[in-house]
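First chain written, first letter: the chains are A, B, C and D, and each begins at residue 1.
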């Protein structure tokens, strides 16, 4: 419990730091919000009027505190750029709520791919005594890890999209329209995300298992007359999975926070792309919230992993 | 030394030694089936290096056979090969292992794991050295013991659990239900080892292999476990292969002892026979090396006064005691010139180095107020701070040493004895100023007392050469005080001198610690501590990580240097015998308090506290 | 140590050295000399497929892709090296101080690194570049800032581990000065760990740099950069696949080579 | 309080390439023109950026206007030749003094909500845009409207405060139902060939057929989906994947890539691309340096490299498609590089040893970035060491366009069908004169041209203005890039307009 509170305080402090940093960044970032909105033709009076409407004429500290109070009250503010209707700007919450499922589903599909492929692969690899398999997997995973995600995205597009025509590049369908089609399309970007991570996870699991296999308790298990299989699945796997859980947590955090590059390559309207476009249009309320969201997700996932770790590893749970 | 038994005729040796149990008759009449375990001419190699060479061992029901040897002697590999647990990379290059005439393992054939599984657990089981790591850290211990039943019996859920609880009770565990659902880390070391033993004996196997089962435990717990093993052996009448580096332990438990060295069995015989009449030089040395109360005075006198050779270990030359005594005088003068000691202290040192009964002399001095203590500790309490340096959590202070009071006199060795966690290390750190959370008074007259640590592997900076490390204290001293400025040549000369003094050759000057053995590293550590002539040394378990023969050498070295350089030692150890050999006076510490202190002989002969008695009994 | 050197070659080290060596050689030569000018345009040679004349073919301006890959490799390697140099030095300094002394500085630095760590690196560089503007120095600076926390962490944890090592305690007892303990006694001992993380960091820097260029926030044209080439080439996947493959595979080559090299080093040290 | 947003007032191209202007010929696309139109079906059109507003009076982005063209109509509307045709109005007259416009409404034009357009609706719409309604003019050129009077139920009279021969072009402003302005953003209702169905930010907008459209037989399609495509690269992939049918902003090489499988059409855009030179920043304040740069550039090869040779080379600020007003000044500096002359001028100006030049380019415009690469290479020949500084669009607006803190920049300025539109900005005091062009003769001449009602005089004055801008090397004007549009081969009837318009009403499937 005390640990929990401590973690929570750390989380809040980090969020605070990040929000201040993001806020500050937008004070010094070149490119005026008002110019960006009004373009080149507006009169100075109009600019001043908008500045006032947006509250930009107030001192930064006051603006920051107003904004923080609003956010704490659950009001995430409104986009400068996107309108919901003529009288209303798009609330940031709604805007992000719209994009978030794309990123989350992408993360989910990637994660399923990673877990479903990497874990059996890692176990197989650790169990295998075949030098050939070992060498092949070694090379394949090394190469997979060396491919940058955008290049992988391009290769996947080229191979599965253009050559094999498994999917039509750019034929993203909104999840609201056709969920099946949406998932089918997500498979390929998810694959591009997953491949290097599968390689990393499988390697990691294998090394973890090999390390665990050196542990004394494995010898004890054998001394009881356990079969190799029983030792592997009854004793080693669970213990070897623990560091892998942390590792997977890092991966989850990374994907859930937005796979900007992959979203760019495959034209997915997720939060990564929203962030990029919002930065370039100086849509400050959106950017601030997105940055906070991402920070929150990352820290929160780490936190969850930490908790999970405590649940599955009895050694830590009492600390 | 280094006798190699002919692989075909090991029998004569056995026959001679086995009369007590009537083994000879058995073998003569050809009733081979009574011999349960037979290891015949076993050699095990890892790649090109043979770890076990032509070993022959036999065991019958109810017998406890000790296998004694120092690290690397091949005793564990032998046991693991017997159990079918040796790594796949190990090859049996000769001989075979039989269990009731069934060949379990044979030279040139891979390990038949399916065959072994019929024996492992059910008919032979093993107790390992580290109960913490030998238990699966993420499984409840009850389940782990129960796995034995799952694998080898038809018992069902609740029956299995009852059987496990019963086994727990039989190994002296209390609150067995609670223990059943504990994870290994929630148990104490002793309890864990009891769980391991329960696991080993639950199916009443005919053979139990115990590989250093008490080494990782405190002395008092050690005793209990030994008693438990003895008890089980008597109750269940199973044979036991007891592997240890500790001759004393073997002596207490075993019917017969096999002494191993460099992969070979160099001597095998009835326990008492071996102790009384060791035939091999190595066995003799092993017995000699064990610090024993019986031998202490005689040895000390012999080494320092009578010039009896102390035996030469692999580390090479150690100047014999006589020479040391001769040199002592000049050394003392040097010290005096450098202003480290007073004239009177010098006198005391010389007096002692003449080989007289020193503690008496010192006691006398102290009583007379003849000498000033080099260290005085008054009402010292030491606190331990929670390591967490977060801003949020208030630091909790925990008292680990309560009101310690004592003095250390020049040239004296003061022993500090206690089990792990009693506060002896905290006390020593406080004295050296490494822990500033203290209350009370510490006064020492030396400039910079130095320390020698237990682990020779972490005591030296792995990236620096030995020469550099020996010179570093001189550089540091010069940086602090211009008066001690030395040229590089002078430093090098001093470093070489020190290297010689700790019994090492010039060539080591340019080597790094990774190229040195444990004993050699400890020598360098000692040399590094002494190069600035600190006068007082705190030695925290300086020999407990070393093999017994090396232990003896290091202790000799420390005693020699003490005389030569007129040093005071605060000698910390859990090993009562080591302390006995090294120290003039002893303090016994328990739960942060010094509960008893006095002259060594006095404590040993007339312990006042029950705890001290228990320690001595171990 | 030297006598061990030759005996400890392993296949990872050899393969890694060969691959990295070739890449570095091309990259470094590429800084000073390339077979063709990397900017000279030729309308006649637009999108020539790989041939003896242009072994990687030509791009949309008729520029020799091989020459541009060489230059891009040089750019990437130089930037990545400077990033690692920058973040490594800052990491050592801060990690050493915070790890050894702890206290308030440690707390502040750790909170800041937490915040930086809890943030995808590409996003952070994006924000920093938005603030600083694009350009070579800013790419180095922003990536440097992004990578500093990982080095601080590694160095810090090593210093925490070693500050209580027996030989460091002894050095304190000898009266060795703090800075000497930090940088003479401890620092050499963390190099084996640090070296591996530098290698990994170098690879990450390469990936991040090319990722930034891919998103158009890295090195600006006409300077060749592998990521930028890749993003330019993406549109010509069907007509000129070699244009995408050449820079893409070059990145893979460098990263793989370095990964193998560091794996080799790791195994040699193990 | 109502927040009014006016996004990027359409003077600067947001697109890589702007709309279209098909040399006034207005050919319909492809070889399929002869084929029989099939009614029904739906088409997906790739667009480059999100909609800035669904309120036709507030939408300013060219990319939005090209879509809203399908939903809304004004009293008049442009046709594919750049001429105005009558739309909601069936006829109009302008008084002699140019101050009174009288519009007659077309019979039975219906809004998408089924109501017939009345004079009230027209009055409301015009008052709304001119600011008569609430004091906030929404379209700046219509600020001059003084009164809108309903003469009878089919006639509306508009009185303006000053005569302007080019004002009629502004009456393309959308007619919306009276009082609907506040709802236009959520439920836009117009009279165009298609009606609004839905809009999803960052995804796109869906329109459906207006069955009551006044032009009988139009439109053919049941549904049009304008889908936002984030980059030209992915547009190509989407075209190939068949997820979009029409895309109008291809680069030359992409167009070539699609040549086989699509009908790819090149047409002149309404964008003037130039290497804009800050006349106030050293060393560009020296006319010789600016001229040297103009000489050093090889516009032909720029056109070849980045435009596939489809662009139209220009040397001043006038669209060649505006034939009456355009003068060809390409002989002034030539269309290929004249390095000798450039070096000579530089030496004269004291930069014989070379010169450093920083060219800022908005990094999101691939076309300008690529042009920049070629320009840098060409300037090198003349001893000008140019470097590219990529800037974000917001930064570009802030620092370069408004702040005028730059040496040179490559960008494009868009033009509408009003001929004097581009020339206006180069008056010394113009707020839009971001190149700091200062020429008193030019200023005087421009005012003169505006004042005259004599068409020929106006044309002459415009020609002279173009010449001054060119001779003075106000900037190095490069080209009017071609607009490369890929159209599904099974589609026909796509028309190219000289302004940003994607007219879907005439598009049909051939099978």
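Operating definition for what follows: a residue touches a chain if its C-beta (ideal position, glycine included) is under 8 Å from a C-beta of that chain, and two chains touch if they have at least 3 such contacts.
On a predicted model such as this, the values are computed, not experimentally measured, just so you know.
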Which number of steps is the smallest that gets you from chain B over to chain D via touching chains?
-> 2
Any idea how many Å lie between the Cα centroids of chain A and chain C?
-> 23
Distance between the centres, which are taken as Cα means, of chain D and chain A, whole angstrom = 40
Centre-to-centre distance between chain B and chain A (centres being mean Cα positions), rounded to whole Å | 52
Just give me the whole-number Å value for how far the CA centre of chain B lies from that of chain C.
-> 48
Set of chain B residues in contact with two or more other chains = 390
Any chance you could list the residues of chain D touching two or more other chains?
-> 237, 240, 364, 392, 395
Would you pick out the residues of chain C that each touch at least 2 other chains?
-> 130, 133, 231, 234, 237-238
State which pairs of chains touch, listing all of them.
-> A-B, A-C, A-D, B-C, C-D
How about chain D: which of its residues touch chain C in the complex?
-> 232-233, 236-237, 240, 251, 253-254, 256-257, 301, 304-305, 363-364, 369-370, 372-374, 376-377, 380, 388-392, 395
Could you please specify the touching residues of chain A with respect to chain B in the complex?
-> 2, 6, 9, 215-217, 219-228, 230, 234-235, 238-239, 242, 312-315, 318
How about chain C: which of its residues touch chain B in the complex?
-> 1, 102-104, 106-107, 165-177, 180, 185, 188-189, 191
So, in the complex, the side of chain B touching chain C is made of residues 389-391, 432, 434, 448-451, 453, 455, 458-464, 472-473, 475-477, 479-480, 512, 525, 528-529, 532
Can you list the chain C residues touching chain D in their complex?
-> 39-41, 43, 47, 60-61, 130, 133-135, 216-217, 220-222, 231, 234-239
